[in-house]
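Listed after this line are the structures, all set down as structure tokens.
Look for chain A in each of the two complexes below; its partner is chain B in the first and chain C in the second.
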Partner chain A sequence: MRPIVCQGHTRPLTRVRYNRDGDLMFSAGKDAKFNVWSSATGELIGSYDGHTGVVWDIDVDANTTRTMSGSADSSARLWDARSGKCLYTWTTASPVRSVAFTPEADLALIVTDKKMGQPCTAIIVEIKDNVADIPEAPLNIFLPEPELTPATIARWGPEHTIYMGHENGTVSCWDAMSGERIASKKIHSGVVTDLQFSEDGTYFITSSKDMSAKILDLKLHVIKNFQTERPVNSACICPVKEHVILGGGQDASQVTTTTAKVGKFESRFYHKILQQEFGRVRGHFGPINTVAVHPDGTSFTSGGEEGLIRLHHFDPDYFRFKLDPRDP
Partner chain B sequence: MAPALNIDAIPLDIDLTDDAALDEFLDFGDIEEQYAVHVADQFDTILVIDGVPVVDEGKKEKLFTVIRKQFGKEGVHVKDQPHGFMMPMDAATGKSKGFVFVDFATPADADKALKHLQYFKFDKSHTFFLNKFADVEKYAAVPDQWDEERALGKAPEYVERGFLRDWLLDAGARDQIAVFNKTAVSVMWGNKANGPDVIHERENWTEGYIAWSPRGSYLASVHRMGIALWGGAAMDRLMRFHHPGVRFLDFSPKESYLVTFSPEPLPMPTNPAQPWGPESAGHHVIIWDIRTGHILRSFALTAEEIATKNVPWPLFKWSFDEAYFARIVGNAKLAVYEAPGMGLLDKKSIPIPGITEFEWMPYTPDEDEAAAKDGGKKKQQQNKRVQAPPYTIAYFVPQTGPDQPAQLALMSLPNKQVYRSKQVFFGLSAKIHFQSQGDYLLFKVDRTNRSGKASFVSLEVFRLREKDYPADSVEVKEIMVAFGWEPHGNRFAMITTSDVVSADLDLKAVLAGAPGKMTTHIYQVEAAVEKKGASVVPGGVKLVKAMDRKAVNALYWSPKGRYIVFAGLRNLQGVLEFYDVDATAGEANTATVTTSVNGKTVTSTKEVDPVQLLAATEHHGSSDVAWDPTGRYVMSSVTMWAKGMDNGVMLFDVRGTMLYKHSREQLKQALWRPRPPTLLPKHKQAKVRKNIKQYARDFEIEDATASSALSAAELEERRRLFDAWIQFRSRALLAIEAEDEIVTVLDN
Partner chain C sequence: MTTGDSAPQLPLPSVHANKNGTYTHTLYKLDDQGRKVQVKRILRIGRDMEASKRAIEERKKWAKFGAAKHHGPGPDTETTRVDTELPLRLSTNPQQLDAMEPAAEEASRKLKDTAIKCRYCGGPHWSKECPSKDIIQSLQEATGLGGPGGDDAPSGAPGLGAGPSGSGRYVPPSLRDGTGAPRSGYGNGRRMDDTYAVRIAILPEDTTDADLIELARPFGHVVRSYLAKYDDGTCKGFAFVNFATMDMAERAIAKLHGYGYANLILTCEHSKPREPKPM
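Moving on to the complex of A and B:
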């Protein structure tokens, strides 16, 4: 598994994602850049230019017609995926932490940060095929209750629900239309750093600075726990094999004093069911901030604090490997 | 506090409103005690002085004036007349009775008088005896009949302590490990595989740290108020030792005595919870009897130790059988005490001007008697080895002047005879290392050349099992980083470096220079061989092997000898190198090598290196390495003191194969439980060693069953996990289907 090192960011990566077809890989970084790459070759295809602050989160719709980004410049933008043209800009009162399309891409979620005297808000906006039809007023705005703010990550669940991870380790579930809290539960003892759904949307994985990642069902029951000895910044669920991938490492603030060996800037592979670690992929020399897996499970990408993206195509060995005879 | 009312003792017909009648049945003793007027508080300026000249009324005033004057010279002031003196007169003779009550100006004056003017020589025929007025009453009130229960309180009921060596009965002969992390202490079995088994785990077991006693019977926990000892099968608390602010503790070798040190001086005892007497006030060190929990003696620190806050620990070094313990006092005297009497040997310290170091010899009697008892008379050694006197102290006195070289000496006790000594020129300081059985003694002497410019180390090795205790000297030009005798063996290992900086364990210097600038050495001490009819082949110290460029700074011999681990601790990346230093054990150290040269087969003999590297591995950041007491396993640990993360222990076998890794957040200590020495005599041990294969077979079978049972359990657990997952998935999928159906219904 020789990785492709993608150089296109000058500052730490914040997010990497694949589109649903898996031919493209998108990345965002603290250098305000939002790039798109060929997931097969690692070639830089283009970028969505316009943000003036850290791009915290990005999303691609199911047909790869449009992309979306949220930035610390207090705006969320809608882009034409092919041309890279900015179609629409939502201006917010504070930096944008999370953005996400619904599967139908008729709605989008924008979560803003509790910063600059502003509360953390969740904004539901409508997306129209014709950009001119997008109403200026959002469909709904609600505040995740004070004790749950700030939210660090938010994703759409099924049936217009929203799942959020919070700074205090809580995971919560909301009704997007009414803004009502359906459930919330203290899952982690540290900041929730990432939240990614399984392929069929029936469960999701959260990662946290508390050095663990957990699989939760939609009712917020902890199904699986993956314990490590370093903060986990991101975690994803492999679609084909019963695996999860955890990315992390020693905190960025301490990185200057540690070597890569001590920092453990590694992608760790765990068996999803047995919760056993069976492999690690080294290479980054800063903590891994974000990981994503190809929708077909043929490759995975990690983005590091050092500004590099490493795109790994799995070897045939990986698909033959079985930790347990019941493995697919 | 309510008076104690004994209801049963009250007659039924008593009138409860009649106070006088009721009083008879009520015990107001405790109230009376509580509100009792303490006489001492009132009369603490008054002393009774005995031995005063007998005078008549006329000379009374004159006597008072003289006493006042004399006391005044000593800085003690008596109250002005008419209250200063009160002298009872004998009405019959008109003369005084030879004693006088003196009222001093302040209680401080009275205390001072009591301290300094006791046995005051008033004149040629009169010596004063001073007593506190209150004391006279107190001692007069002592009952003539000795009532033990009243004096000492009721003897506590006998409590069974359980079998303190319970852990030695483990069928698998496993050893225990005590681990202190975060706030919890756990005692666990150090298993061969699959991590340790926790036996006891308690939160806040200790406030400071934990320590095992030298034979493993007790686990000591350190608290603000003192030390607690735990032991037995249930790890119950066996004894508490009240010593406020205790910082260090030290056990005597056979676990009879406990020495504790607190930086806080002991206060004047004011309540029975403080077990020391007034004579201990201001002392810092206490020696306890572990079995009874009683204080045997307390010790003050020297003024210098208090001033520099530099207390050597352990303060006392014990002889092999705890019969004596000793310390150096002010680089001038060696104070040797006897146990359990706790008195100085012959009531005085041994003057050895300039002494800086000393060490007791570990004494192991030859087992001839034991062997003889077991019917092994024939095996009695024909050439009985020399045995140094059992109570031997080796000490070092550095060079004091140009003509007074440093002295290395062996002194026997209790006769205080120096029976072997050696002079070393320009020896400035030394460390003394005895081999575990007391067969060899090594002084590591730091020396300079005559000009004092170049410094080097010389190793002075004494062979204590040979006639006249011959000595050899080895010079080491480099800086010595670590040293160790092979237990039960005749080898010693050391690590040296030519680089001054890396001696301070500086990573950068080591990395900048080379992979490592350390050199490891293995030496062997050889005895003189006396051949029949031939000359004596002199013995000596021989270098077996030196290995360069190693990144190691510590060495650990197996407690059984032969195997050694060199470790690069802390900044040196946690390198662990396992060596067998006797790879040719029992065989000739040459091997026949057959090589084929140009089609011809050539047979040659080649010397086999006795020092073989078994494994080089690493435990990143490890700060501590310890062999288990049987020499089967090596545990390396990363503690929070050395590194903030990845705390935990790794267990290796003798060959350096990692058995498991066990993570523990905020690990503070991980300690093997020591074992007492074996009770098997040597020839029986030899028998076991001879039949080791037979024993091993049983254990191998056990191991095999254990591992297969374990994998069965693991398989079961896997099955459970898979089943649970499949259930979870099918529930989730059913829910989706149900929703789809609803949606379909609604759509229709």
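Moving on to the complex of A and C:
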């Protein structure tokens, strides 16, 4: 396999994701840049310029007409996907950690960090086709309780519920319209670093600095556990094969005397049902901060602390590999 | 706002996968009078693959913007390069995955000690074996600029199109600036053993190198393209394109064989890579 290296960031990557059709890959980094690439060739298609601080989270709507980004410059922005023009800016009281469109892209979620004397806040805003129609006031604002510790990641669940991961390892579920907490549970023993839903939205995977990733159902029951010996920064669920991909790593523990030209940090493949690791691919020169898989399961992308994005198109071996003879 | 405990006020929403492929979303709300109400929605979750394909085709027409505004078609060497062959190590035994590493480390340690540095991309290999040499060379031919892509301290790389600033290297007349567009697309005269070649034929005679790359690009990374031409530049009717993976080549063949292009029906099949004849 010959990974394609995309060099579009001068500082660590914070998020990579594919659009729903899979032809585009979006990346955000601590250099305040938000880029879009062709997922087939790795060429840079454009950038959404305007943020002045770390871009922590990004999203693209289901039709790839608009994108959204949240930044440490205390703003969330709505962009025209095709031209890169900034259509709308929401100014918040503290850095934005998470942004997400609903599947219909009629609403968006903005979650801010506990900083500058401000509490961690979840803001629900409306999106309109004509940005002039976007109301100034958000639809709803609610504060996750302080004892849950600030939310590090938030994503839409089914029916306008929101699932969040928190700094102390808790995972919580909220009703977006009423702001009521539906449930919360201490899942991890360390910071929750990522939360990604399955394709059908019936379960999701969480990753944590506690060196594990777990699959939870909508009622926050832990269904699967993937154990590693390094902090996990991101995890995704493959849409076709029964696999999950984990990315992470810790700088200090992986330094050796041989400074290899091939990066030592690896993306790791686990069998989703059997919970066993079966594959690794190295290449990153720093811990992997974010992973995403193509909606057809034909490629995956990882973004690293060293500022590089590696786009991998799977070889036939990957599709033929069976961990268990009974695998399809 | 609830306080304290994590026991649910209302049952959590649930999603049930139905036998016919739909999903039933069940959620609970409190109505105006504070009564618990159950709401069910039945959804079919999936992607309209036809609409998806059309949308992808449309997006291929997007003009580059922002940081990519001045990039030409295809990957720009400053931002994109193909890395060396790196396996996705697969094993039914996790302990083996750990053990597979030392061999790769040995190899890279040897490279480090001899301090081999590629003139094009700065990687730890001989310049003539640079995996990105083709892309970088063709861009140098096209733009007349020198220097390896993406490297802080270029070690005096040649500009094959020798611009007026001059790099001090001799450039044969046939390769100098002003001989027109590159004779072929990426990658001339290099071993292509680990790429996957397809032969496209029944091309119209006004096909250009750029047309060929445009035709092939959607299927993946084009490592090399060669359009057979007569001396006056008219296309001979066939071309070779090398892709980075078999998968990309298969996709190209599946789509292009029998594809209607400028009133002709193309053929597209696997081929052994050939060295282009000197013009």
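Simple rule for what comes next: the second predicted complex is superposed on the first by the 314 of 328 C-alpha atoms of A that agree within 3 Å, B and C clash if a C-alpha of one lies under 4 Å from a C-alpha of the other, contacts with A are read in each partner's own complex, and residues count from 1 in each chain.
Note that contacts are C-beta pairs under 8 Å (C-beta built on N, C-alpha and C of every residue); 3 or more make two chains touch, one makes a residue touch a chain.
Quick caveat: nothing in here was measured; it's all calculated off a predicted structure.
Peer 1: Judging by the criteria at the top, classify the pair chain B and chain C on chain A as clash or fit.
Peer 2: Partners clash after overlay.
Peer 1: Contacts for A:Glu229 in the overlay, against chain B (first) and chain C (second): which applies, first, second, both or neither?
Peer 2: A:Glu229: touches chain B, not chain C.
Peer 1: Look at A:Gln250 in the shared chain and tell me whether it touches chain B only, chain C only, both, or neither; answer first, second, both or neither.
Peer 2: Touch partner of A:Gln250: chain B, not chain C.
Peer 1: Of the two partner chains, chain B (first) and chain C (second), which one does A:Lys219 touch, if any: first, second, both, or neither?
Peer 2: second
Peer 1: According to the stated criteria, A:Glu43 is in contact with first (chain B), second (chain C), both, or neither; which is it?
Peer 2: A:Glu43: touches chain C, not chain B.
Peer 1: Examine A:Phe285 and indicate which partner it touches, taking first as chain B and second as chain C; both and neither are also allowed.
Peer 2: After superposition on chain A, A:Phe285 lies in contact with neither partner.
Peer 1: Tell me which touches more residues of chain A here: chain C or chain B.
Peer 2: Of chain B and chain C, C contacts more residues of chain A.
Peer 1: One more residue to check, A:Thr202. First (chain B), second (chain C), both or neither?
Peer 2: both
Peer 1: Could you tell me if A:Leu274 is touching chain B, chain C, both of them or neither one (first, second, both, neither)?
Peer 2: Only chain B is touched by A:Leu274; chain C is not.
Peer 1: State which residues of chain A lie in both footprints, the one left by chain B and the one left by chain C.
Peer 2: The answer is residues 158-159, 200, 202, 218, 261-262 of chain A.
Peer 1: With touch defined as at the start, can you tell me which chain A residues reach chain B in the complex?
Peer 2: 158-159, 200, 202-203, 217-218, 223, 229-230, 250, 261-262, 272-275, 324, 326
Peer 1: Of all residues in chain A, which touch chain C in the complex?
Peer 2: Contacts found on chain A: 1-8, 20-24, 33, 35, 37, 40-49, 63-64, 82-84, 142-143, 145, 157-159, 161, 172-173, 175, 178-185, 199-202, 218-220, 256, 258-262, 269, 276-283, 295, 298, 310, 312-318, 321, 323.
Peer 1: Okay, in this complex, where on chain B does chain A touch?
Peer 2: My answer: residues 620-621, 645-646, 663, 718, 721-722, 725, 728-729, 732-733, 735-736, 739.
Peer 1: Chain A touches which residues of chain C in the complex?
Peer 2: Listed in rising order, the residues of chain C that touch chain A are 1-3, 6-10, 12-15, 17, 23, 25, 27, 29-30, 39, 41, 45, 47, 52, 55-56, 59, 62, 64-69, 71, 74-76, 78-92, 94, 97, 100-101, 104-105, 108-109, 111-112, 123-124, 131, 150, 217-222, 244-248.
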